[in-house]
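The same chain A turns up in both complexes below, where it pairs with chain B and then with chain C.
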Partner chain A sequence: MRKYLYIFKTEVMTNLQYAFDILIGFVSYCIMIFIFLNLWHYIYSDPKELINGYNMNQMIWYVIITEILWMSLGGRKLCKKICEDVRSGNIAYNINKPYNYVEYSLSNHLGLVTVRFILVGILGMVLGLVFLHSTPIQSIFQVIAVIVSCFLATVINILLITSLGLISFFIEDANPFYWIYSKMILVIGTLFPIEFFPQVLQPIIKYSPIYVVSYGPAKLFVDFSLDSFIGIIIAQIIYLIIGFSVCHLIYNKGVRKLNVNGG
Partner chain B sequence: MAVITVKNLSKNFNVKLKEKGLKGSLKSLIKPKYKTIKAVKNISFEVEKGEMIAFIGPNGAGKSTSIKMMTGILFPDKGEIDILGLDPKKDRKRLAYEIGCVFGQKEQLWTHLTPYDNFKFFGAIYDIPEFQVEKKIKELTELFELGDFITTPVRNLSLGQRIRCEIVASLIHEPKILFLDEPTIGLDPVVKENIRVLIKRMNKEYKTTVVLTSHDVSDIEKLCKRVIIVNNGQIVLDDSMENLKYHYLNKKIVEAKMKEQVNLEDEDGITILKDKGYNLKVEVDTKKRSVADALKILNPDNIVDINITNVPLEEIISDIYKAGDKE
Partner chain C sequence: MLTEVKNQFKVAFTSIKYALQREMLNKVTFITNILFMILNNSCFIVQWIILYSLKENVGGYTLKEVLLLWGLAASTFGASRFFFKDAFNLTEVINDGKLDVYLIQPKNVLISCITSSVDVSAIGDMAYGYIMLFIYGISIKNFLLFTFFTICGALTITAVSIIFSSLTFWFGKIDIVANTINSLMTSFATYPDGIFKGVIKVLFYTIIPIGFINYLPVKIISDFNICYLLMVIFVAILFITIAFVVFYKGLKKYSSSNLMNVSV
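Let's turn to the complex of A and B:
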């Protein structure tokens, strides 16, 4: 475990050197929040009015949280790196080290996400407080619960994207799979809560990864209840186990097919 | 005691074939064709503890594939590998603690960090206690003379400095075997020599077994006592450097500057390589004729200046490669 913590720490150290550059990259985040702020102001004639169980402030905070999770993830970078590692044979140079590639990749990427999460998290909170003047969170316990859920959501997201990247062992390019995944998260998980979708789709979305990587933590932030917290955490733990198992299965199968010619 | 035992090792690669043009691309989509490349064919050898061996061959000979199988990166199709009593296929993780690898063409260091932070990182990766890592860093910093740049980010180091750091990073966990895959590639002659001295010093100090691959004959000549030459996936020579020199270096080059012009012709064991009247270059096959015979033919009284040298080792190795190709 110590080695993975060290990998995490090393990646945090590396990314801290580029904190300012990372922050500059979040301009699109500010634009996105601004657009949604205006959109929901326009849709809600009265801010206290409820649409599918959400008032205007909750809707805007929902987007702020899901966007924090997605923007800090750097999923495209992760998938691209794994695809390139596999295709170029670079993965071979990780194989002869005393760690597991999946865990290495997870702890390494978590280092990047941590720096980004802190930066975009502060930015999102400041934007939310400036425009909405209050947060739906009411206690320290709720803050901790949301952070725990965000952490689990990020780990699950990394594992799912890692498994998509590892498909490169079997096909030429796994990036299109990531593209589909990212668009699904954007459309179904980021912009609107599950309750906004047709009744027929809701149970399907609730069993999908979108529920645990996006909707869950945001829902806890905007409308916390102990029951929903327990339900979301259980679902996240189940997905965590699935994510780890799938990653290891693909990696163990794929590594036997590794084809590295030349020096 | 053998620390590396390789028996009948073979490895094939399946490479996808594609015919020319758009039609070929469509065809390979529907019915892909594969070609089997026999990268390593039934090779066997042993390496003793503390030995420094050169594992060389032309590009595509199978040397890197063999090393990757020995280090657990690739799975062999056939044959057995025993590295310090471990099977790289099954005990890959345990083996990683016992071996070190430096791939001259691949960076293993984190370029944004300093060498010191990198060494600490590798210490943690190999589960070495903190105090022990510090001690080892101090020791290796002195041995590899890293003091001047140990706190400079790796991205700002010269190639020579970086390679020294790469070697140190692979020695942090005190490996019993070190695989050096073209460690001096791209370095200038002075830095190359420096690296060679340091590798030699390391071998002497820690009794580390070294398996070296390099296209630079000087690396091999100056570092290794034994050489394994691989070509077309097979071992074409496994001998001591001494034997290689004495058995294959049976030719001498005699270059002479003459007082008067001479007219010589090829004789059995003596070949005229260059004849510019007053300047001659003759190759003597010492298995058939002695150098003294050649001097007699040239007439010592007519010689103004003379230079007798061996055929360069590079040429001998290249001849061995070519012989392997013909077979």
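Let's turn to the complex of A and C:
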């Protein structure tokens, strides 16, 4: 465990050197929030009106939180790196090192996400407070609960993306799988809470990863309750176990097929 | 003069053809990239179906018009990335001194540079555009107008990217500005202009000209207006001219980095 903590720490220190560059890279986050601010202002004729149980402020905060989670993730970079490692044979250098590639990827990428999460989190909170003047969160316990849920959501997301990247062992380019995954999360998990989807689809989405990586933490932020907190954390732990198992399964199967030429 | 232009086009198309053939070496990857891009874009239909279940009219657009807007945004974006991929990496090309290889060729430097590689997944974007047109309602008139606006839009998007990327000649590492403008164009282009108010609407018809790339063309396809059509053509020509002028003015300030590079 200590070696992974060391990898995580090194990655955090490296990324802190580029904090300003990372912050500039969040222009698209600001654009997204600006678009949704306008869109929900247009949809809600009265800001206090409830649509599917959410008022306008809750809807905008929901998008702010889900976008913080998504933007800080850097999933495309992770998937691309894993695909490249497999395709170029770089992964061979990791195999003979005293760590597991999956855990190495997780701790390494978590280092990047931590810095990004703090920066985009501050940015998102500032944007939310400037445009909406208040937050739905009311106590320190709620803040801690949301942060724990966000952390678990991020770890699950990294594991799922890692498993998509590892598909490169079997087909040449696994990036298209990531595109679909990212769009599913973006459209179904980021833009609208589950309650906005047809009744038939709601149970399916609740059992999908979208519930634990996107909806859960954002729901806790906009409408906290102890019951929903316990339910979301349990679901996240189950998905965490599934994520780890799937990653190891694909990696162990794939690494046996690995063929590296050259030296 | 005309022969020179003809030859230049010939070279550009040959370059694109070879770049495409290179990408087609692995057919499975080639086809998956295209199909998954279509699927990828299709996911956003869900977003609009939900929004239209809340309100019948969003920003003055019906659901079909929004799908057409999305389709046109995808096809213009796709055409620009497919034919002129390197126009969107121009800051890197200039900063790394990679222009040397194009400077020694007896052809137009800018065109040779921006047509040197293709983005295969962009074919999926273009195909998605036509699928959206099909859903909107296809007719010979709509097909021709849509194709024409895809070409105009792709040229305008590319020109805007070239203009902002060319600032690298004067200001060095300015990729953040070029990337932000590209990102603004892509993000706003898929939402109806009616939801925005104030200064931002002025930007749509000036430095991020998506008004001329997407909004006016959709209005023309749904309700033909010759004035709007002429405006779209005029703006495309204007931006292309500015792009060439800015690039060649900047090129005089270009200094090589002695990077060894071979273009095959």
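Operating definition for what follows: the second predicted complex is superposed on the first by the 263 of 263 C-alpha atoms of A that agree within 3 Å, B and C clash if a C-alpha of one lies under 4 Å from a C-alpha of the other, contacts with A are read in each partner's own complex, and residues count from 1 in each chain.
To be clear about the criterion, a contact is a pair of C-beta atoms (placed from the backbone, for glycine too) under 8 Å apart; a residue touches a chain by one contact, two chains touch by 3 or more.
Just so it is clear, the model here is predicted, and its values are computed rather than measured.
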| item | value |
| --- | --- |
| Which superposed partner A:K97 touches (first chain B, second chain C, both, neither) | first |
| Chain B versus chain C as contact partner of A:F196, first or second or both or neither | second |
| First (chain B), second (chain C), both or neither touched by A:I35 | second |
| Touching partner for A:Q17 - first (chain B), second (chain C), both, neither | first |
| Partner chain in contact with A:I188 - chain B first, chain C second, else both or neither | second |
| Touching partner for A:H133 - first (chain B), second (chain C), both, neither | neither |
| Contacts of A:K48 with chain B and chain C, given as first, second, both or neither | neither |
| Overlap of the chain B and chain C footprints on chain A, listed as residue numbers | none |
| Complex interface listing, chain A residues touching chain C | 24, 27-28, 31-32, 35, 38-39, 41-43, 51, 171-173, 176-177, 179-180, 183-184, 186-188, 191-192, 196-197 |
| Chain A contact footprint on chain C (complex, rising order) | 26, 28-29, 32-33, 35-37, 39-40, 43-44, 46-47, 50-51, 54-55, 58-59, 121, 176, 179-180, 183-184, 187-188, 191, 194-197 |
| Residue ranges of chain B in contact with chain A within the complex | 13-14, 39, 59-60, 63-65, 68, 71-75, 92-93, 95-97, 99, 101, 103, 105-106, 108, 110, 112-113, 117, 120-121, 124-127, 181-182, 213 |
| Chain A to chain B touching residues, read off their complex | 2-3, 6-7, 10, 13-14, 17, 90, 92-93, 95-99, 256, 258-263 |
